[in-house]
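Multiple structures follow.
Each of the two complexes below includes chain A, the first together with chain B, the second together with chain C.
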Partner chain A sequence: MELVFANLLNGVSYASILFIIASGLSLVFGVMGIVNLAHGALYMLGAFLGIAVAGLTHNFFLGVVAAVVGLFIVGLILERVFLGRLYKMLDQQALLTLGFVYIFGNIALWIWGPYPLMGHVPTFLSSKVSIGDYAFPVYRFALIVIGLIIYLALWWLQDKTRIGSQMKAGIDNKNMTLAMGINYGLIATAIFILGAVMGGLAGFLGSPILGADPEMSMPTLLLALIVVVVGGLGSIHGALLGAVVIGVINTFGNVYFQDFAMFTAYFIFIVVLIVKPTGLLGKKKP
Partner chain B sequence: METITIKTKPRWQGKLAQAAAYAIAVVIILVLPLFVDEFIQNVIMKVFIFAIFAMSLNIMWGYTGYPSLGHAAYFGVAGYTVGIMMVNYGITNFWVLAPAGIILAAIVAAILGVPALRMTGAYFLLVTLAMGQLIFSVAQKWRTVTGGDTGLGGITYPNLHLPWFTLNAHSYYYLVFVLFAISAFVIYLILHSPFGEALQGIRENEPRMKALGYNTWLYRYIAFIMAGFFAGVAGILFPAFYGIMSPVHVNVATSAYVMLMVVLGSPSVIFGPVLGAAVVVILEQVTIIYEPYRWPLFFGAVFVLSVMFLRHGLSVYLIRLWRMVACGNPGS
Partner chain C sequence: MKKYLILALIIITAAGTTTATAATGKPIKIGTIVSLTGESSQTGPPQVDALKYRLNLIGNQILGHPLQLVVGDDASSPTTGVDAAKKLLMLDKVDVIIGPTMGAAAVAAGNFMKTANPPIPTLITMAKSSIVLQRSTGQNVFLPMGTDKSTGWFTGLYAADKLGYKTATTILEDMVSGWDKVGSAVAAFQKEGGKSIQQQVVPSGTVDFSSYLAALKPADCLIIWVTPGPMARFVQQYYDAGKKLPLVIPDASVLFTKTMTQIGDRTVGIVAEVNYTTLLDTPLNKAWVDGFTKAMGYRPTIQGASSDQNLLLYLEALKITGGDTTPAKVNDALRRVKVDTPAGTVSFNSQNLGIGDLYIAKSVKLPDRIDWQVLDSYKQVLLDAPAQ
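So, the complex of A and B:
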């Protein structure tokens, strides 16, 4: 029973990382309609940048700043120079971002080498709480709290602010939105950057548990896609639900039937796509 | 998807010149192994194998308008079938291995095509990506049969059972070329048949084709299976050429590799992917000679450049050049 409880806590903290990755993808893909196959690569870049800076300065928060600022710049360049010119051209967006997966992966390999790096937990969060026979790291509780804060902030941004409405209006009809005097180009760039920063932040926050590895882009992207599609595209609540479902299933799968853990995630993904393509909480097709 | 239609009716001089060009190309390809070393011969072989693969992807992408992100799955199924039968069961007869690999690839396409074709647009990209990774996980995790991450080693040349022709590192080139020529010809015939015309009609305007009485889903489904079939043809040739079949040959990296061939070569031109395959493979070999660790960087950069600046592909420009030379008129 304690083992199940410990695994459940592990699963939920893993789900929290998944949620932060997936929320970025959900913003970019679900709300803006951009198929960003490089989202996993952004996650990887965030992890490496954060670990490198935190390692140099011995300060966890400077690592967070490095991941956020680094991904802000990368997101800005990706949107302004490339994706902004491919509005609603799905195939081209997918191919372009697929190309960036290889570019970022090779640059990371060049700078940080082929071996996985692990992030370090900040000292004030490095203690453990004992649950029965199991020592549970405080950092994992902190991850759950951070995930919840990001969830509430994004919910507020999407549903309760003017920018959230303008963003949805732009995706429904760009020309009409522009005619209303809203600078949609600026909003699109801002949302894309926010998505990229979420990916990078998840990479660094997850790095004490999941590490950083130049080959991690595609597996991470697939997990995030599965979470977003299972939960429902464009819905922040859906991303949370999807993250919890996939996170817990994957954690238990890894303990009890290791070889088939990823298998179950793909299987759920394909079944959801066939039975209810809008996901568990999704409303409309983008 | 955007396409450029090229009028395919040059004057008779143009046709004659075209036939002459094909004949010269075939003769050059047949005598080439006598003059070049083994390395270059291997590069050409790789171009042919991946040209079949890229043309198969283009049946779905260029002619049906459904770009698949998991096309390596069918290539991998055929390759692993050949590898498993050869390494685990000792079967070397080409006439058993080849049909088994190709038909299994087509069957897998027929199974995965049913759910995949319920999707359109971004969802089709995602579902094919997930299916490709599903097949990849099978190759990676079913260790007793597929050899897991290390792959299946020790794959040799199959036996053709012909008294006057045995396959070895040298003569495999001719088998690859013959299968390439047959595949290219058959794909050409299919795409220029009423079936191929209907596919393009469905791509351009599905409601109208439906109104004309076409079962558009069935057309697309048959195209999906054919794409899997020809990916299988490339797949059965690959293991003996490479000597090893590993999960890398099934995953998204391989799918992306052929996708670049199609983008670069022109999805709208029937033999465009062949040109794309030649450019990508040669670029890869040259990069590997000078900067072996930077190939993915170049690969990604070429991808980005061709999406941003060469959206219609190289073939379109080559065809214009050809029209100018052969017919004295660049056409439309």
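So, the complex of A and C:
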């Protein structure tokens, strides 16, 4: 029973990291229709930037600031200089962002070198809670709380604010939105930056567990894509549900179906695609 | 003043001429396949530097033949590894191939080279899966650092015999190297009376080890082998979860000095098998480490030492052939050489498998880093596990 409970917590905390990664991807794809294949690379950049600054200053929060500010700037440049010119051009978006995966990977290799680095848990979150023989790190509890806060904030932004309404109006009919005097370009840029910041923040917050290395972009992107597809594209609620489903089932699969652990996430992915191609909470576009 | 300048010019020219006349024979091309890009890209550059450093030490020539280094990148991929081997063989027409290092690339390129024409000597870097040898059809592929099974076997022996562990729980990454290393470690451990009470197999590239850590059974030690990225994550998550079983790794090359240093003091005390460490206390190694560090600005790596060892073996074989690079002659000579290298003394058995020195080390804290210090050694052993 203790093992089940410990694994449930492990699964939920892992799901929390998955949610923070996937929420940015889901937001950008769902709201703006941009296929950002560089999302995993943004995650990696956030992890490296945060680890570097936190390591230099010995301050975890400055690491958070570095990841957020750094990815704000990267997101701004990506959207304004490149992707802003490629709306509704899915092939070009995919190729361009795929190119950035390699560019960012090599920049990381150049600056931080090829060795895997690990982030450090802040001292005040470094204690553990005993669950039988297993000591559950408090930092994992913190990740669950942070994930929930981010979920609520994004839900509030998307569903309860004027900007959220304008965002959704833009998706439905961009020209009509513009004709009504709404600065959709500004909103689109802000959403893309928010997605990039979420990716970077996930990278740094996850770094004490998942670390950082220049080759992590594609595996991270794959994981985020699975979560987003399982949960439903463009839905924050879907991203959360997808992350919990993948995180928890993956964690239990590692213990109880070890021979199939490599396929657990893909199995769920395939089943959802067959049964409900729009994802668990996704809606068919009219 | 002008007179001195002219004199200096004459001396410099004369020195240059002397070097040039010393190496006027047919150039010998040293090909190397390393990972400069991809997931194992941390291993490649120090290997190239190790080869450059050794070549510079001997004036880039041997027996009057200039030595030229040709570098190929396997991009940490088996298919690119084979492409790199093909290019070196057919286009660059190298006389020897040193590498690859990355496991899958080494297996693929190694097997390609066995049927290569001409059958130029291929000296694989680092210990490798024994399937490189099992599929053998040729006599030109060499494993100087032996097989993955050897690293596991001697680790298991040491854990039972010297550390006195009676029970072990194991974690391995689901790939040939994982099964070879941990499987052999367990076989040796059990042969010496130890008992393996649990085996957990993790998928390749695992990011979250928490479920495996929660399921870990109490034992005297944990024998683990996963690749470098997952190893960094595992070590951190292991200590974060308050686990205290002594860690035993049947191959230290997956846990980099830089990674241990960055994770911190918690990584002190891990026991691992190493084929080489900069802290190896021999005059030959000390001189090499000092010289390399001065020339390159950083300490040599395990992978670099393996490349250096392979180059020394090839150069020694060339001395036997009198500089003749005919593959059959060099391959035969390689089976007769015995060379002292910074990583220890090495030779080959009739199946091209290394006979050398293997070390058991412990991670220790130094003023500037955490590094592997030798605890014990197995000298001049066949670098493979005995047939089970």
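Going forward, the second predicted complex is superposed on the first by the 276 of 286 C-alpha atoms of A that agree within 3 Å, B and C clash if a C-alpha of one lies under 4 Å from a C-alpha of the other, contacts with A are read in each partner's own complex, and residues count from 1 in each chain.
Throughout what follows, a contact is a pair of C-beta atoms (placed from the backbone, for glycine too) under 8 Å apart; a residue touches a chain by one contact, two chains touch by 3 or more.
Everything numeric in this text was worked out from a predicted model, so none of it was measured.
For the composite obtained by superposing both complexes on chain A, the positions of chain B and chain C are in clash. In the superposition on chain A, A:229 contacts chain B only, with no contact to chain C.
When the two structures are aligned on the shared chain, A:157 is found in touch with neither chain B nor chain C. Using the contact criterion defined above for the overlaid structures, shared-chain residue A:248 touches neither chain B nor chain C, since it reaches no partner.
In the superposed model, A:273 makes contact with chain B only, not with chain C. With both structures placed on the common chain, the touch criterion links A:62 to neither chain B nor chain C. With both structures placed on the common chain, the touch criterion links A:110 to chain B but leaves chain C unconnected.
In the superposed model, A:262 lies in contact with both chain B and chain C.
When the two structures are aligned on the shared chain, A:128 is found in touch with chain C, with no touch to chain B. Of the two partner chains placed by the overlay, neither chain B nor chain C lies in contact with A:169.
Within the three-chain overlay, chain B meets chain C in a clash at only one of the listed stretches 22-30, 148-156 or 274-282, and that stretch is 148-156.
Note: residues 109, 259, 262 of chain A belong to the chain B contact set and to the chain C contact set alike, using the contact criterion stated above. Against chain A, the residues of chain C that register as touching in their complex are 38-39, 41-42, 174, 200-208, 210-215, 218, 228-229, 232-233, 236-237, 240-243, 256, 258-259, 262-264. By the touch criterion stated above, chain A contacts chain C in their complex at residues 3, 6-7, 10-11, 13-14, 55, 109, 113-118, 120-121, 128, 133-137, 139-140, 208-211, 213-216, 219, 223, 250-252, 254-255, 258-259, 261-262.
Touching chain B in their complex are the following residues of chain A: 29, 33, 35, 82, 85-86, 90-92, 94-96, 98-107, 109-110, 218, 222, 225-226, 229, 259-260, 262-263, 266-267, 269-270, 273-274, 277, 285-286. Every residue of chain B that touches chain A in the complex is listed here, in rising order: 1, 67, 69, 115, 118-119, 121-123, 125-127, 129-131, 133-134, 137, 141, 251-253, 256, 259, 263, 293-297, 299-304, 307-308, 311.
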